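After the structure tokens below, expect a handful of questions from me.
Chain naming follows the written order as A, B, C and D, and within any one chain the residues start at number 1.
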């Protein structure tokens, strides 16, 4: 394939990756920003969303669109509940101490993985896309569903954006993020805000998992990759900076795709990884951080 | 940590080493071999602890230092015919150089950025081991031939894979790392590292260049991890990309936090506990990860500073 | 013989041995506890009918779990059958399973545990190459006969040791080179290869490139895919326009994505496509998105779908393992097996059985083990049979590696129909090693 | 004899001139107090002197050497020591270790070696310093367990162990009880026999009692400078600061 179409393809792929990554990372960024904890189990919420999507859509065989909508709502609710339980039962008792939280969320990661392995099995399961068509370019064909993913992610990002910036809930969250003690003295129920933030973060990951599953299949080990990428995106975007997070998702999603046009694949991954690491070193506050904390 | 005579903690550490030396005469074969391996991995954890426990820097990329030692020793012995000692030194040197280079770059960041930057460097390192598959055989890895692992001493000699040689060399590495870490944290330098962990700004106002001390800590930590990697390659004869992957960056973190970050004996305890947690529970059930996960959560709820860290807080304040 | 009773005894034996792991008791005491052997008779019995203990190193968790589950089912079926039909030389097999988490470090520890804790006679069943290579030194050092079912080119490359055998499944080098003549003759000579960018994929790259060149063809493009990749579309863009055949092989949980995205990319205007079934093991051919595979070709070691000329042995094997004629579990038709790999467990157990019986192996003494190893090394031919349902095989004792017929199947209406079966000789190559020269 | 000179030292934060062209001269051995309302730029000024904040313009000379661009840890070596306004001792460390951190640093400077002299020597120094500030019995105590007043004293002890030529004390008596203030004044006079003391202080009686000279700052500039008595009498200062 000649250079132009190749680049177009890389850009398309990068955009899909970027949108899904933005959703996942936004969840992590919220938790990171508001609660100041590193949630190692974040990728498992993504995986759980994908696996539940398979489960929900198999409840209504033959009706992929309905199954998919069911999965979107159902997975988010189930994962949100799991997250609230984890927050109440574990994280709150640890008083969100950074090191203890890391160990606890690693424990959570093991538990979620094992439960899924036992209940769901080790195989990758496909889910039929709700809308299935093939977009034909002169040089290659492209999955129409991937374009749907772009649209749906953009809508969800917009909704999250609205919630965080225009609603009372968002205001409360931002107040808590800014200064926990002050928020508490203003009568904000910080405990409940933390639970809500943790649940919302997990739900964003779960929804991203649901969106990706018709492309990527649900598998019990699929959580690691989004976890690592989300970490990178959150830091690159600037800690707790939601706009930066979304923009960083695009930098990661597109750079990986575009660099691979020029270099052999593994080398491209190495170069892209080192590049982002060096960007972080040079701009410690993240690529889009307004000022150092 | 006080100005009082530090004899008590030396006695404790020497007793632990003596115990490890002594149990080799009574351990059943399986556990004999396990403890050999645990001592090597605990040395890795001790190295990690110097950074996270005593300097307050959380790295998510220590697999790269372990792998630098592993491949530094493994490749030179396998391809260049180095003798084991030279191979070990090559591994050590590789880890040393890598940690200096990584330190100079990554230590410009702090906190979570440092976490992510180390993670990414390690990820690049992992991919490099796959990329140079021609020499490393990538994920599949390669085996060091027994005949390359013979150490000649005078007229006689021994083979590194001989169980007794393996156990005692692992113990030697562990002893050096453990006592080294004790000396370090009890020294003037260790005091500064702890000060950097507690309050970097203030430490600078005491006339210390905090960056240099962090670099020193990272280099000691990375080199120690590399020594463990080189020893692993030479004693257990397998070199593969698995050891450069992310889980071998997470594991030392887990071992150290479990045993107690910032305690000299915590890494050993955490490594030992985690190993047997997996070993025993995987015999009980095929869902052993569930047990391991639950155990981690229960432990951390009960002892959020790790076992020895909590013990030090509640019972034994003199624990180093 | 009362079959039903024997059945339940066998099951109990397996279950007991599982618990045995828990309690850390010796085998004999577990048997005593199960009431199978009265305590007083223990020693006398040990000479004649004490079980042969076989350690099964299984990928029950980690990346290999999808294969590991089917390896376990096949193994349990074979063990049950062997025990039901008189065991090995009159002694039942006691299977001890340990999970290695598909990790080479844990793999080595598991081999060690088998040898020194469970005190098994042999270890068998490992699939993933890195676990094999990571565990093999331990097996060699502990002088533990170690039978792997991995298809990697590690045993035959001569870099492992005399205690490691692969008598149940051909290695990747043999599989790959036996495909080249048919691909060049029937599909095309200009081949673009897509493979994972690590050792397994590199073996495909190196051996097939040479083999196709020997047929007058050419591998015009190598497209390695990094290990951490989850999306593949952009790699298809690198396939040159003049490509006649795409050769693909992919493993891991991403395989279905890979194949699906290949379909989306090409649509109907595609070159010939030839793949290794590894790309679709444990994947239902009826999965959404795979329709486009119709008319493409796959290497299979053992045809997943029962063919028109299905042998009686295949029929027997399917029934014993509980696999239907579509290669899926009898009790869950959506649960597709790893049919082209798992037969290796079955056949390997029968090789062990034959070796024990031929060598007069009695217990895990150096002498008996040496005799066993020499008797495996002396094996040359396995006839197609219930013991070797995949087909006749030639064993090379010098390389510790078996060679077999391979199949090429065409996807037609969501089924894989065999269009060509290679001769064993197609997959033979000049040996580069001789394990027999190593001391025991 | 002049110890420190700042020449037209300025620091802007955004649009705000926190410190605006301040030229200050300190003589060796004096106790200088800087007073002024909150936000006058006192802490910013001393932060630039000790190197925590870089100046926007202007220069600093210490013992006739330009130190404007020098990193803070080098300034400490030259004898400029800062004790924090907000107590920032190492709470998880013992008092001994807190002081030892400083003592070992000045020891290595004195000997020019990488490692401080043996433990005994260090312990002697540390205990002597603790004794001097009146904390001799608390060497083994965790610093965070000390009373607030004692923590301030420990802060000073850390500064002393660095063997300062210029010791900057940022609001040292804030939050201290009456009797603690009295002993603190005595300690400061004692320190001034070996070192120059630059003191930011709100407590006017303390300033009047111990300062040799007083500098008054307002809005980032020096408003007045003189002996305590002169400052007391200065009408401008009266208006700006004493509010009468």
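Following the convention adopted for this analysis, contacts are C-beta pairs under 8 Å (C-beta built on N, C-alpha and C of every residue); 3 or more make two chains touch, one makes a residue touch a chain.
As the structure is a prediction and not an experimental result, all values here were calculated from the model.
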Any chain in contact with chain B as well as chain D: none
Where chain B and chain C overlap in contact partners, by chain label: A
Chain whose average C-alpha position is farthest from chain D's own: C
Centroid distance [mean C-alpha coordinates] between chain B and chain A, Å: 32
Whole-Å separation of chain centres (CA-atom averages), chain C against chain D: 75
Cα-centroid distance, chain A relative to chain D, in whole angstrom: 50
Length of the line joining the C-alpha centres of chain A and chain C, rounded to whole Å: 37
Touching two or more other chains - residues of chain C: 61, 197, 226-228
Where chain B touches two or more other chains, by residue: 123, 127, 130-131, 288-289
Inter-chain touch pairs (all): A-B, A-C, B-C, B-D
Chain A-touching residues of chain B, taken from the complex the two chains share: 105-106, 108-110, 112-113, 115-117, 119-121, 123-124, 127-128, 130-131, 246, 250, 253-254, 257-258, 261, 287-290, 292-297, 299-301, 304-305
Contact set on chain D toward chain B in their complex: 50, 52, 71-74, 76-77, 81-82, 84, 88-94, 96-97, 100-102, 104-106, 108-109, 115-116, 122-123, 126-127, 139-140, 158, 162
Contacting residues of chain A [partner chain B, same complex]: 32, 38, 40, 90, 93-94, 97, 99-100, 102-104, 106-111, 113-115, 117-118, 224, 228, 231-232, 235-236, 239, 266-267, 269-270, 273-274, 276-278, 280-282, 284, 286
Residues of chain B touching chain D in the complex: 1-4, 187-189, 191-192, 194-195, 198-199, 201-210
Complex interface listing, chain C residues touching chain B: 21-22, 24, 60-61, 98-99, 101, 103-106, 108-109, 112-113, 115-117, 129-130, 133-134, 136-138, 140-141, 152, 154, 159-160, 197-200, 202, 226-228
